[in-house]
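First the structure, which I've put down as structure tokens, then a few questions once you've had a look.
The letters A, B and C name the chains in turn, as written, and every chain counts its residues from 1.
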Amino acid sequence: MTEQGKLLTSTQAVGIVGYGAYVPRYRLPASEVARVWTEGTAGLPIVEKSVPGQDEDVATMSVEAARNAMKRAGIDPKDLRAVWIGSESHPYAVKPTSTIVAEAIGAVPNTQAADWEFACKAGTEAMVAAMGLVGSGMARYAMAIGMDTAQGRPGDALEYTAGAGGAAFVIGGADESLAVIEATYSYVTDTPDFWRREGQKYPEHGHRFTGEPAYFHHITSAAEAVMQATDTKPEDYQYAVFHQPNTKFPQRAGQMLGFKPEQIETGLLVPMIGNTYSGAAIIGLTAILDVAQPGDRILLTSFGSGAGSDSMVLRVTEQLAERRDRATKTREYIDRRTQIDYAQYVRMRGKLTMK
Amino acid sequence: MDIPRHWRLKKQRYALVGEVCGHCEAKVFPPRDICPECGEEAKTLYQFSGKGEVYSYTTVYEAPAGFEESAPYTIAMVKLAEGPLVTAQLTDLETREVKVGMPVEMVTRKLRNATDERGMLVYGYKFRPVVG
Amino acid sequence: MHEVIIAGIGQTEVGEHWDISLRELAFYALEAARNDAGGLRPQALYVGNMLSAALSHQSHLATLLADFAGLQGIEAITVEAAGASGGAALRQGYLAVASGAVDVALVLGVEKMSEQTVFNVEAAAATGLDVDYEAEHGLTLTAQAALLMQRYLHEFSPTAGAFAGFPVTAHANGAGNKYAMFQKAIKPETYLRAGFVSEPLNMFDVAPNADGAAALVLTRPDLLPADFGHVPVRIIGSAVATDTLALHDRPDPLVFHAARLSIERACAQAGIKPEDVNLFELYDAFSVYAALTLEAAGLAGRGEGWKWAENGALSLQGKLPISTMGGLKARGNPGGATGVYQALEATQQLRGQAGPNQIPEASLALVQCLGGPASTAVSHVLTNRPAA
């Protein structure tokens, strides 16, 4: 098989017509988790993580990101033929988040609506599906969202980083896109590095097994394959963004692939908002789109435990400049912060036992 | 469970969909089918911008049954940019002091924190200080 | 229309009656009123109640209460208009007797608040707001009054503690009413030191919910017993008016439009002006309601109702005594019974039975109760003056 033959290729060129991010306003410093659980001795994987307000969940956060994406796209919501949301913290186990979001943005009733799940790559999974729907000609526009309010068991390594946030994208034809998606590749294997069984509140993970055989293997395999297929090298990219479960992993993945820190830093949001799971790689992309220039090439590579990576090559068009100011920028959400302590966090996240 | 009631109100709740009077152009929220300005029929749906300012506000510390987990919460009358007043909670306030006249914008949030883990979730409009 | 006389009055103490049930509470007031009236046989019972279904899980209330009082067979219906339920029941009794359809009517107000926690009572009372667009957003009656007061302060900038005079007056008067929930006067400093319930509303701006029952016997003058021992008190004005249910639907939330309409109509029927009355039993569930009511009555200009609360103008010796037996604030606010208590207390004044709180030579009283922020307003004018 040729390298190009491995790509997911649509019959019509597609891209991002509108994008929007959302980050809740509360922040829990990692030092607070360390204070409570290790008397402050633990190393800190990030500075602080975002925490949703008590009245927020993946549905409400997706609504806001979707509204931002629609403002930038400037299209009629009735022209959306899909509203797809990837998350591992959907508010209902059974009942779609996507119908709530579709209703709120005025996309009902002539639309597909579904929730996607693939650990942290459910967001890019929805994006790729949306590309297929638009690229085949079945739809003019499709909305893809990756959003999470992830939780780690109190005291677990995940509790330091499990944040809240994500992004929404309106996928449409390349000619009306602010960033064209030039190539897409997906790489999956059955690798149980992290999971949450049905009915369980908190996930389990394989500790160091989540690293080499899971995160690094899939990220680098996918990114290398898409670069080979497109005959591009790290120096051809202004920006690269990888799934960001902590500060070190994406930095090291970038290094392994030959990217320099300055190509990574714009999309590296995990130190300030934590790991937003399905939203992690793609909210990094929104931060890049907030500042990128026409012609800039961006490499986006997600990772979902279980395990797999979607890798995309994007190129920014002239249309970005006039659209990005139509909605709140990712950095504005990050700068809007209210610090909370562990006790407030415990109350806000429903960890207080009331019965 | 109140399922039908919440379901019927979803357009108003999720997105501030009200009405516009075809006779005098008055914007109406909540929808009431009879224009409060001119008394004529007003049934054309109208999507409000969600922008407004605080008309009055207070904080509830001892919440009524069903809102215990939300307390304390701030509730306000918001003067929408299109004219009507609406009653709603203010959210994402934290340390920010509320003032009459403060600009706010609509967000869609959970209207109450589900004490019943088995029940349906009710989403609706709240307002917050303008972001960005 | 026939003349309508308040021939009998009866009440229970207002407070927390842990050991008395809803039906017993009603029965005590009914018995007292019937005894006071001297043996008139009632043909109809009109019950004002706002929350028995929610708080006591009892609907079909009037029939139960007629039954429990040994009055099986008579006409009996419950009237609900939130906080104005008692006044609305009086209105129904008045219409029945005035029309000639009923010779003797019992009007009862009864509420049993203590069955539930304050959180459940607040939630139940909030069902009297616009449930879809107010209560579902976490609004309560108390929070709504705080919104009114906040806006009032913003628009009119009254002096600090401007509303203190309302609860100070009410508590001073409650001290002379053995049926009142609070029988102790408070000082203005106490008001200023009180903790906030919902800022800017402090605990003295809010009347306490309570249990209580009050009853009236209404009849025509020609049917009074020959040995009737009281000064006959006539109802010479009666009116109900409504406004938007939701406060946010009003063009100006700081205008109690229905309160004005019902006073105008009742006074027009009585051929008087609000400033003619010797006492005004107004609905001081929240002190801002009292200020807005004085403005609605035309007794104060817009934004100036609070000025009445200064310098004792509203005290028993003042220019316009209000809440003469303690009002909602000190007597207590037994929900749907409140409107009947108000009419009963005005009757005490006009009969000369108000004890230490007696207003000398009181002959004309205005009584008003409100459902919500004057979403319903019921006004009555009572007098002891003989018919012309």
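Annotations
Keep this in mind: a residue touches a chain if its C-beta (ideal position, glycine included) is under 8 Å from a C-beta of that chain, and two chains touch if they have at least 3 such contacts.
Everything quoted here is computed from the prediction, not taken from an experiment.
Taken as a contact graph, the chains are arranged in an open line, each linked only to its neighbours along the path. Ranking every chain by how far its Cα centroid lies from the centroid of chain C, the top place goes to A.
Closest chain to the protein centre (all Cα atoms averaged), using per-chain Cα means: B. We define each chain's centre as the mean of its Cα atoms; on that basis chain B and chain C are separated by 32 Å. Rounded to whole angstrom, the centroid-to-centroid distance between chain A and chain B, based on C-alpha atoms, equals 30 Å. In whole angstrom, the spacing between the mean C-alpha positions of chain A and chain C is 60. For chain B, the set of residues touching two or more other chains reads 70, 89, 111, 126. Listed for chain A are no residues, as none touches two or more other chains. Across the complex, chain A meets chain B through its residues 25-26, 53-57, 59-60, 63-64, 91-92, 100, 103-106, 328-329, 332-333, 336, 338, 354.
By the touch criterion stated above, chain B contacts chain A in their complex at residues 10-11, 14-15, 47, 69-70, 89, 91-92, 94-95, 107-111, 113, 115, 121, 123, 126, 131-132.
Across the interface of their complex, chain C is touched by residues 5, 9, 30, 32, 36, 55-68, 70, 73, 75-77, 84-89, 100, 111-112, 122, 124, 126 of chain B.
Taken together, the chain C residues at the contact with chain B in this complex read 117-120, 122-123, 126, 130, 132-140, 142-143, 146-148, 150-151, 154, 197-201, 246-251, 253.
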